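Letters A, B, C and D mark the chains as written, and numbering starts fresh at 1 in each.
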Amino acid sequence: MPRLAVGVVGASGYMGGELLRYLRNHLRMEVEVIVAGERAGHDAAEVLPNLTWLKGRTLAELRLDDLRGLDLVFLSLPHGQSGLLVPELTAQGVAVVDLAGDFRLKEPALYPVWYGFDHPAPGLLGSAVYGLPELYRKELEGARLVANPGCYATAILLALAPLGPRLEGRRVAVSAASGSSGAGRRAEPHLTLSHLEENFFPYRVGRHQHVPEVLQVLGEKVGAVGGLSFVPHLAPMARGIVATCIVDPAPEEEEDELREVYTDFYSSSPFVEVLPAGRWPEAKWVRGTNRAQVGLGRDPAGTLVVVVALDNLGKGGAGQAIQNANLALGLEEAEGLELEGLYP
Amino acid sequence: MPRLAVGVVGASGYMGGELLRYLRNHLRMEVEVIVAGERAGHDAAEVLPNLTWLKGRTLAELRLDDLRGLDLVFLSLPHGQSGLLVPELTAQGVAVVDLAGDFRLKEPALYPVWYGFDHPAPGLLGSAVYGLPELYRKELEGARLVANPGCYATAILLALAPLGPRLEGRRVAVSAASGSSGAGRRAEPHLTLSHLEENFFPYRVGRHQHVPEVLQVLGEKVGAVGGLSFVPHLAPMARGIVATCIVDPAPEEEEDELREVYTDFYSSSPFVEVLPAGRWPEAKWVRGTNRAQVGLGRDPAGTLVVVVALDNLGKGGAGQAIQNANLALGLEEAEGLELEGLYP
Amino acid sequence: MPRLAVGVVGASGYMGGELLRYLRNHLRMEVEVIVAGERAGHDAAEVLPNLTWLKGRTLAELRLDDLRGLDLVFLSLPHGQSGLLVPELTAQGVAVVDLAGDFRLKEPALYPVWYGFDHPAPGLLGSAVYGLPELYRKELEGARLVANPGCYATAILLALAPLGPRLEGRRVAVSAASGSSGAGRRAEPHLTLSHLEENFFPYRVGRHQHVPEVLQVLGEKVGAVGGLSFVPHLAPMARGIVATCIVDPAPEEEEDELREVYTDFYSSSPFVEVLPAGRWPEAKWVRGTNRAQVGLGRDPAGTLVVVVALDNLGKGGAGQAIQNANLALGLEEAEGLELEGLYP
Amino acid sequence: MPRLAVGVVGASGYMGGELLRYLRNHLRMEVEVIVAGERAGHDAAEVLPNLTWLKGRTLAELRLDDLRGLDLVFLSLPHGQSGLLVPELTAQGVAVVDLAGDFRLKEPALYPVWYGFDHPAPGLLGSAVYGLPELYRKELEGARLVANPGCYATAILLALAPLGPRLEGRRVAVSAASGSSGAGRRAEPHLTLSHLEENFFPYRVGRHQHVPEVLQVLGEKVGAVGGLSFVPHLAPMARGIVATCIVDPAPEEEEDELREVYTDFYSSSPFVEVLPAGRWPEAKWVRGTNRAQVGLGRDPAGTLVVVVALDNLGKGGAGQAIQNANLALGLEEAEGLELEGLYP
């Protein structure tokens, strides 16, 4: 079968590197262009020494002309940059999976509040499909512009979506722990091993930019919660997200029944695993994969606890982006993603 | 000034070792007996090579006769064992600080439910003082039997206590992350570095034994919450607890006013630090100390978030035990505890 | 093309799990039997939750009858056990790759000294091929019994082999650091995160069992060193080996020339990468792969320093075992091994 | 007893922070000035939140006038800066302990080669005392200018010094692993947790600036080695150095006799512990202390292996600086240093 031509823009970041790790094993996509602004001109395998298959490939500067003929482009840039590129790309018939937040929110007015910039192409927000296949699989088929979800948003939505109308009016308190790669390939004092080893701390309490996309999707696809609080934390690990959702009790719920609801909900989703009673998700079991583990239980007071573990660069990022691209291009959903987790 | 004679029972565990680390620098206590059941007969500095001051001291077997003349004994044994020793020790006039859960709960019927044993000395439960000095300082003066709080319970109570009646009827969702030393000096598969490195996972969801002591103390000293859910997690670090408490919104609250309430509440507590607006606790800033950091904020929806960081072996264990012993024996509250944290 | 039937014996260990991780992506091998003694009867994906492709596969007990018809068996058992199985397996025409030390040494008398047991099948030692493809590729073609090298031995031999006769009479001092997975899936006190985090220490100084196989191979294929000292260390990481070899100076050597020698030596070895001047190997760049990085330099006094990094479970174990099996069965050397490293 | 007035210059670095951690517990020194160039004007406890005793103290800019009346100043600045300050300080009668490399080497010509600058005060090099108390205790008494040794140099010298003339003509190969705090409080890509976790790699192979000071001291105090090679590595931990020295065999040596030599050599050195046969040093046993552990053994081929573990910020830096200051000022050698190690 012929391969489709794709490009990766933003290859020198962790997310871009992870896209290229997966794409080596993708039988239907051919990576034709690899863009890495500040490292342009270097050999890709020198900048990404873990990716030997890139030996001899040169990192390119960003030039729209080079992307013109491609079937699809993955944009993995800092928030605020893809909004400037997407109008031209889509106009030229190039499908786009955007890994930043630029097309996740429908409401332009939310961008200055949560992202700190005025959206440059508000007219395109309506046409972007939110790339959480477990909720938007239909919409993703043939999509031309996919907004890849935030890593935390993916975890929280996978935890809550099966509850549907059961969620109505209940408050949800979410605490999540993330590995340091979620902060990107930046060298900042709080990201050094000296600081982060043997450490654990919250950040952006109550004002993380993944909150509005969670609320938007809950509203569209699930049900109106009675409130959602979110506290992200940085944990002393490089990869992984574990989101723990504590949901107000509902007296009539039975744990076994709920587990069945979850299992049914994800029965045709190859990358989401609902764990049996008594087992809970662990970041390490899904490290390096596009998988998510979901565990749930009720505590003695009837509160519902749902925990999701995923790899922030996998199902929380690059893996999911490829899953979305597969759906958008009419390929097998799991193509290129059948790598197993690295343990230990 | 003459020194008081103390004993440490359970010296080969992490908590016992930490007691002895602090006690080296305690000017008013003399460690006369060091008991370590399974390592009895060995040189203490061989079993605890970080503690050079113990060179030449032999670890002893547990013999009540040896403890008889002491002023105070620290019991750091697995749950269920101190209940057997305490009646005789207190009968002989030895003050006891018990670091296990054996005397934390007032209601004997809770022991089989949460700890899995019938309490051997229910008659003593009423006389034990719960050793959280920030709430029970008065009761601790001259106390003969102190139940040292659980590490998570300490963190949660320090987070919630200043709210007092403001807590009435509000639900509280707590997620906490702990270092592996909280599980003690056991070699189990999930505690190996191979498994725990780059990992993060919940455990004992909704059934951790620190829940009933939190509810008991809230009832006695704070106010009746509308519900408390608690999910502990294991994080890839050796020491530290960070407890994140998400409290149902109360429309009238102001963050600045609350911060003042907290600051006032802890104004005479030398080991609790309320952080200014915009700063949040970190496990590493209090590592190796008897300190706790408290941070708080309200999210856009009005939910209150309170985060406490402490060292599970410090303020969450051995440090607090010494603080309690100081109060019980009429010494300076901070004696022996003025060590600074190890950073990085 | 038809697939060859293989078995994995010892699947519940780290090495067995890693074999199965690679084998999922092997197009020419079909895993027909998975043996895991103590976990027999359990679902494989429950014991190895990172390996979703094993869902529904039951772990089997060890029964020679079940292995009889296979083309090849990977034995990943504690030292001393495969010596008992191999005679019967090879007699039945099953090719064997043994990941333990049982067939690495040619001289039976060395087994009691270095491994603590008398070899049960000394007659087979001569027919076993030492499975370091970079040195024994010819001998491995069609081999019926392959002794997979030790993880440290692989690193040291890859570092020294290109020197050939240049090594004659020169002393070599090797220090190496290994991740904790090298010690296997055991829960021992020194392997807990509590102990190993923020720690680093030597072990088995001068008496590690990989020394005699290094000397044997140097004697057969390289040149007689003037002495070899080896000090292994445990580092606070789960995976990876970095071996640093310091070789007595040879006045006439030129670094550039040596680098060319190394590059030529490994020019047809797809899994060994010789780094350019000024770059040194890192454990993380090869994590999760069958690759080795080699770096070299001369210090101002003329001493030669050669450093090799590999993944102890990859090129130091399961990856190399599959590479050996490919050669023994006449398949492509790299089949199933083209996974890229996980970074970060 | 009256306290002596000291200053700490460079307080915002890890080493400066560690000096202040120890100095809290020093009964004979009063910290009168705390200089932290780029953080001047801030509250010290805000920049160093682990050091609560500094609350209310303001970090100062560097002004020689403020240091004039002090008894002693600790200089903890980047290499090349103390050379500019020391002439004036010593001229004013202020004793100096310099934690940088500026006064470690006697030979001015070595500075451009190893440190990259021409020495600004070569005339003072002769008067500086090398601050390794175990070798220079006599010279340190009353010293006015102490060059605090490099962290690696301390480890290597403690390993080799007791050998004395036994070392004559023998080659020594040293590999050492260091925690990331050795690189200082810089945020660089290779120091992030994302990069360094699960990693291990050599750096500055054969050209680390601690080599010349080791050779200088061996020449002055020990014996002329037949060659010294040194390969430092970065390990995924925040603190600690383990140096493994492999020394050419000497046929006549006996391990027990050597151990006695070492024990005798350090019999009056309170901070160096020679381990019994079969035990080896571990970074964690000395973490947070001014101690060093020394272990030794001979391998079957007669090679001598000596391993030293210390805390790079303790005996490898700030702890040793205080030990030197104590000797220089005529105080008890161990004053302020009697803290025990943090375990786990």
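Heads up, the rule we're going with is that contacts are C-beta pairs under 8 Å (C-beta built on N, C-alpha and C of every residue); 3 or more make two chains touch, one makes a residue touch a chain.
This one's a predicted model, so the numbers in the text were calculated from it and none came from an experiment.
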Remotest chain, chain C as reference, centres from CA atoms: B
Pair of chains joined by more contacts [C-beta pairs], B-C or A-C: A-C
Distance from the mean Cα position of chain B to that of chain A, given in whole angstrom: 39
Mean-CA-position distance for chain C and chain A (Å): 36
Rounded Å distance between chain B and chain C, as computed from the means of their C-alpha atoms: 46
For chain C, residues that touch 2 or more chains besides their own: 14, 179-181, 194, 197-198, 236-239, 282, 284, 287, 344
Residues of chain D that touch chain B when the two form their complex: 14, 17, 21, 24-25, 48-53, 180-181, 197-198, 238-239, 273, 282, 284-289, 291, 338-344
Chain A partner contacts - residues on chain B that touch it in the complex: 171, 173, 175, 177, 179, 194-195, 197-203, 205-207, 227-231, 233, 235-240, 242, 244, 246, 248-249, 280-284, 287, 295, 297-301, 303, 305, 307, 309, 344
Contact set on chain D toward chain A in their complex: 14, 179-181, 185-189, 191-194, 196-198, 236-238
